[in-house]
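Some structures are shown below for you to check.
After this come two complexes, each holding chain A, first together with chain B and then together with chain C.
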Partner chain A sequence: MNVLVSFKVVPDLDLLSGNDWTVDGNCQVETRFVKKMINPYDESALELALKLADQAGNAGFSIDLSALTIADSGSDLTLKSLRALGYRQAIRIAEEDDLRFAPEKVAALITAYARQRDDFNLIFMGRQSGVGDNAKTPLITAELLGWPCITQVTGVTMISQHTLQVSAISDQGLVTRTIKPPCLLAVGNAPFSYLRVPTLRAIKEQAEQPIDVITRSDLKNTLSSLPYNPGINLIKLEPISRKRNSVIIEGSNTAEKAEKLYQQYLKGWLTEL
Partner chain B sequence: MALTREAIVTALVDIVDPDQVVTDEAVLKESSIDRFRRFEELHGVYTQPLPAAVVYVRSTSDVVKVLQFANKHGINIVPRTGHTATEGGLETVVENSLVVDGSAMNKVIKIDPVNMQATCQCGTPLLVLEDQLRELGYTTGHSPQSKPLAQLGGLVATRSIGQFSTLYGGIEEMVVGLEAVFPNGQITRIKNVPRRAAGPDIRHIIIGNEGALCYITEITVKIFKFMPENNILLGYTLENMKTGFEILREVMVNGYRPSVARLYDEEDGAYHFSHFANNRCVLIFMAEGPKGIAEATAAAIEEIVTRFPECEKVDTRYIKTWFDHLNWDATDIAQERAEIVETKNIGNTTEISANWEIINQIYETCTERMRNEIPDMTIIGGHSSHSYINGTNLYFVHYYNVVDCKPEEEITKYHWPIKKIIVEETIKAGGSMCHHHGVGKHRTPWIKDEHGSSYYILETLKKAFDPQGIMNRGTIYPKS
Partner chain C sequence: MKYRLIINGCSPGFATDCRSMQTIVTNLPAADNETETIVFYHYSDQKTKIMAQAPTASIRLIRIKEFEADTVLPFLEELESPAPADLYLFSGDYGGSELAVRFACRLGGSSLAAVEDLELIGEEINCSKSVYNGFMRGTFRLSEKPYCLSVSRGMATSDLMRPPGVKALSETDLTERKWPEYILKRRIEKAESVNKLKAANFILAAGRGVKSKDNLIMLQQNAAKLGAELGVSRPVAMNGWAPLNKLIGASGTLASPKLCIAAAVSGSPAFYIGIEKSKRIIAINTDPDAPMIEGADLAIIDHYEPVIDQLVRLIEKDKTG
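Now for the complex of A and B:
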């Protein structure tokens, strides 16, 4: 089975305080100054694919893993780390277009790459990203590929060489389905999915191997048949105020404060429940 | 004859209020260790003898009564406040120990802006004291990474140090006076004066004793005017650590006192500064204090760094965002625990100090040996974060995947062999094996090598102040 996982390296927006939230003339939020990380949903997707490969290996099957990102060279270290973890191919699509709020473009590029390879059975991706928070890319990609898509995936188990069990959160709760690929899995809040860490030795072995870098023109044969929708034209960005009213409970000691909290707030709420 | 657990607890509830004595098994388990054994703990494995009880003392009088009882019956005492120790100092290695927790002694007793000092009980969280001081326009100048969690008693007991130490000094330079209780119940108060020449400085018998000599109950520290508006951050990337050490030395020997002077190697830099380090070492300074001094210090540092062409200046906003999130709070620790359980990847640190002429050699030898001798390593890095006129410290950072071993074997397979390399190479070169975490229980095999002939003084202190050997056995002094 051949598995593709698409991911994105994003700024850790938790490190961006309100005072540091500045927007330039091109509607770009200034995030250069904060640390980068793999988008958490994508991190889960990458780890779930590795776990699936582990299961396959234990059962005597083989799963070939590829990791794909659309980014500049700043993501190359992450790609090398992923190779050190067992991703046989690490591919970067170098794209200069602004891809924020343009899930149609992202989906088209991923689909074009998948079609060009033409051997993937399964695609994992995170359900959404914190930057250009569309939550649409997995759905559009699945539609372009003509594949089924399962959203809010939390776990994947190998049943047989060609059959998987996929757990996903739905409005009715946790739903487990048995599927036969091809399928696109949009990973949500998956427990136990922190990405494992490559050893220095494994990283060193991969250090000299160049990353596979391709451009839109390399994908022209498969991209040309796809709609390349420019997405939303950004006019203005403003932070959403999430401030809430607060009350400081005064008291001479913790017990007194706890009593006030219970009597004045919790008791009423609990009664309503 | 030694008292049984039951007899110890029965006696204790007569000595203090019964609700001060906790014997809940879960509490005893987590009280048998500190962060050194967190991999075992995260897997529900507890290898140390469980203490008989945790006693939450509320006053110096409580401490006196508990210590006198323990001294009479030969019961091992493990003093504790914030529970953030990293070197096994809080492990209960003796059967039926008593963990004496001072976190309920948490009053800020007096803030004295005239004499520029603040007095508080041992369980006062540093963050609480610091917040109160800052509201008044002052600071302790002490800012260890554990600031959101650590309490004054433990910080003093381990000779801790903070991120602004190059200007303000370590805790030993901040402490003015102390109150402590010795195992025989003797309360000693060391008065708060600017300086004196009335015999040896006896504060230093208490500061750094790690609970192996006495129980610290009250601390008075210096305070400083807080002037963050004058802070100037400077950041650079550079090719190698050797150059970085040379720059740090130039800054220090020419008499400049930045509050922050930190040098990260490539791997540690990649961990902290993935947004700009780009496989280079990172050098950070902060100048603070009165405006003129801060500006002059920053200008001098810039001039010094300019003499080293391999240094590239970076936008200080890269540094500021990182610095604002450097401290660890309970949320960070909870996330770290979840990550360790899931990935089996754990990181620890070992901090040493050495003079300028040997520091780079120690850095290179230790990192090379770890790379060659320890399996499954994922990060081997380090940084210097506290500099002096004659040398600096090195904070080795070592992460590894725990592979093919039981949780209780993690220490012997990875952590201890790493520590052994760093400690042995440091002592061999002439440095000190402990810069600011204390000896704990896991560096005691080398304590005699560390002190050489001066171990006589250390040994005599134990014999004099704790003749029954009830104070935190196995800490600083080898258990045997």
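Now for the complex of A and C:
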């Protein structure tokens, strides 16, 4: 089984403080100097695919893993780490365009790559990433590929060489489906899915190996046949203020602060519940 | 313009979705035709509840086995393709958000998920929603009809009049339809019919700062003594310290208790969205610069354990007189 996982390296937005949230004339927020991380839902997707490969290996099957990102060279180190973890191929589609709010464009590139390879049975993606918060890329990719899609995936288990069991949260509860790929899995809140850490030796082995970089023109044959008319444009970006009174309860020790909180506020509030 | 609402009647959040969508529709100019709501539901006894909560007077009832997007989508496409509406509003649950995007792809329209506000600009529309993990609000211009939007659940207002004379225009039964071919077997462990966090008046929310599952268990015991429902932020749930039904935030429950104590929660917007409708918020955190402090009505800068322990002692002392 051939598995593709697409991911994105994003700024850790929780590290920005109030004054950092300023918008320039091009609807841009300066995040270039903020620490980067793999988008948390994508991180879960990458780890779930590795766990699936582990299970397959234990059962005597083989799963071939590929990791794909659409980015500049800033993501190359992550791609090398993924290779050190067991992703046989680590591919970057070189793209300089602003893709924050362009899930249609991202989905078209991923679809074009998948069609060009034409050997994937399963695609994992995070359900959304926290800059655009679009929550659309996996759904559009599935539609472009004509594949079924399972959203809010929390776990995947190998049943046989050609069948999988997929757990996913739905509005009604936890749905467990036994499926026959091809299928696209959009990973949601999957517990215990922090990405494992590669060994130093594995990292060293991969450090000098170049990653596969392809461009839009390498994909022109498959990309040109895809519809691209999202009909949507960002026209304004503004910070959201979520401030309240924020009265700090002072005291010489913890017990005194808690006593003040209880006697002056909480005691009365609890009677209103 | 012609509007259509699509709601998942199987979802426990059905009533909230109805109010959210009614809030949006009420603020739109009158439609060219009567606005219809398409409701997917499962149990026949749900019909009364659906009629009572319906956001529009005209509804179409579609009975299904379970909500499965790959079953519902082809039906919707078949139903709507001959004469599509200009604007489709889908409920803001998981199912609705998925349908909105995939339905737009199939009908060649434009889509946006978790929309919080909507304004008609001639034949185009402006929609706003939170972006950048909830730190920013983005406004988007949509220009390709049909516009397919899922409506954020946080939009619901409670003071809306129910439309009078709700009538079912049609009833369709899809319960005999087979699951899509790729699904060989399917089972569901149904969630509790009442979301305890959604219904809670008092929530004690725990963040990453609780540091361990054992500490969280202690906090849960104290929550019970305080009379509060325990909720957690995403990192706590991802560590497996609490089940996912305890998750508060953009990807969990959007709660609106009268009182919320946020213990050791940093207060990222993705979490805060889940408690921002609280009447009162108390933050307990060692970091005076944590965003949670600014988002609270009251704050104690300290370790959460001794503060909560002391509050429990004070409450129990009052109870025993």
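Methods note: the second predicted complex is superposed on the first by the 239 of 273 C-alpha atoms of A that agree within 3 Å, B and C clash if a C-alpha of one lies under 4 Å from a C-alpha of the other, contacts with A are read in each partner's own complex, and residues count from 1 in each chain.
Going forward, a contact is a pair of C-beta atoms (placed from the backbone, for glycine too) under 8 Å apart; a residue touches a chain by one contact, two chains touch by 3 or more.
Predicted, not measured: the structure shown is a model, and the values here were computed from it.
Of the two partner chains, both chain B and chain C are touched by A:16. Once the two structures are overlaid, the count of chain A residues touched is higher for C than for its counterpart among chain B and chain C.
In the superposed model, A:261 lies in contact with chain C only, and not with chain B.
By the document's definition of touching, of the two partners only chain B reaches A:197; chain C does not. Looking at the shared chain after the overlay, A:228 reaches neither chain B nor chain C. Contact with chain B, but none with chain C, is seen for A:33 once the two complexes are overlaid on the shared chain.
By the touch criterion stated above, A:61 is placed in contact with neither chain B nor chain C.
On chain A, the patch touched by chain B and the patch touched by chain C overlap at residues 16-17, 192-194.
Contact residues on chain C toward chain A in their complex (touch as defined above): 8, 10-13, 66-67, 69-70, 93-95, 97-98, 101-102, 105-106, 108-114, 126, 128-144, 180-191, 201-202, 227, 234, 237-240, 244, 247, 251-252, 258-259, 266, 268-270, 272, 276, 280-282, 288-289, 291, 293-303, 306-307, 310-311, 314-315, 318.
By the touch criterion given at the top, residues 13-14, 16-17, 21, 23, 29, 40, 44, 101, 130-136, 139-140, 142-144, 148-149, 151-152, 154, 163, 169-183, 188-194, 227, 229-240, 242-249, 254-255, 257-259, 261-263, 265-267, 269-270, 272-273 of chain A touch chain C in their complex. Considering their complex, residues 270, 272-275, 315, 317-318, 320-322, 324-325, 338-339, 342-345, 371, 376-380, 399-401 of chain B touch chain A.
Against chain B, in their complex, chain A makes its touches with residues 11, 15-17, 20, 32-37, 77, 192-201.
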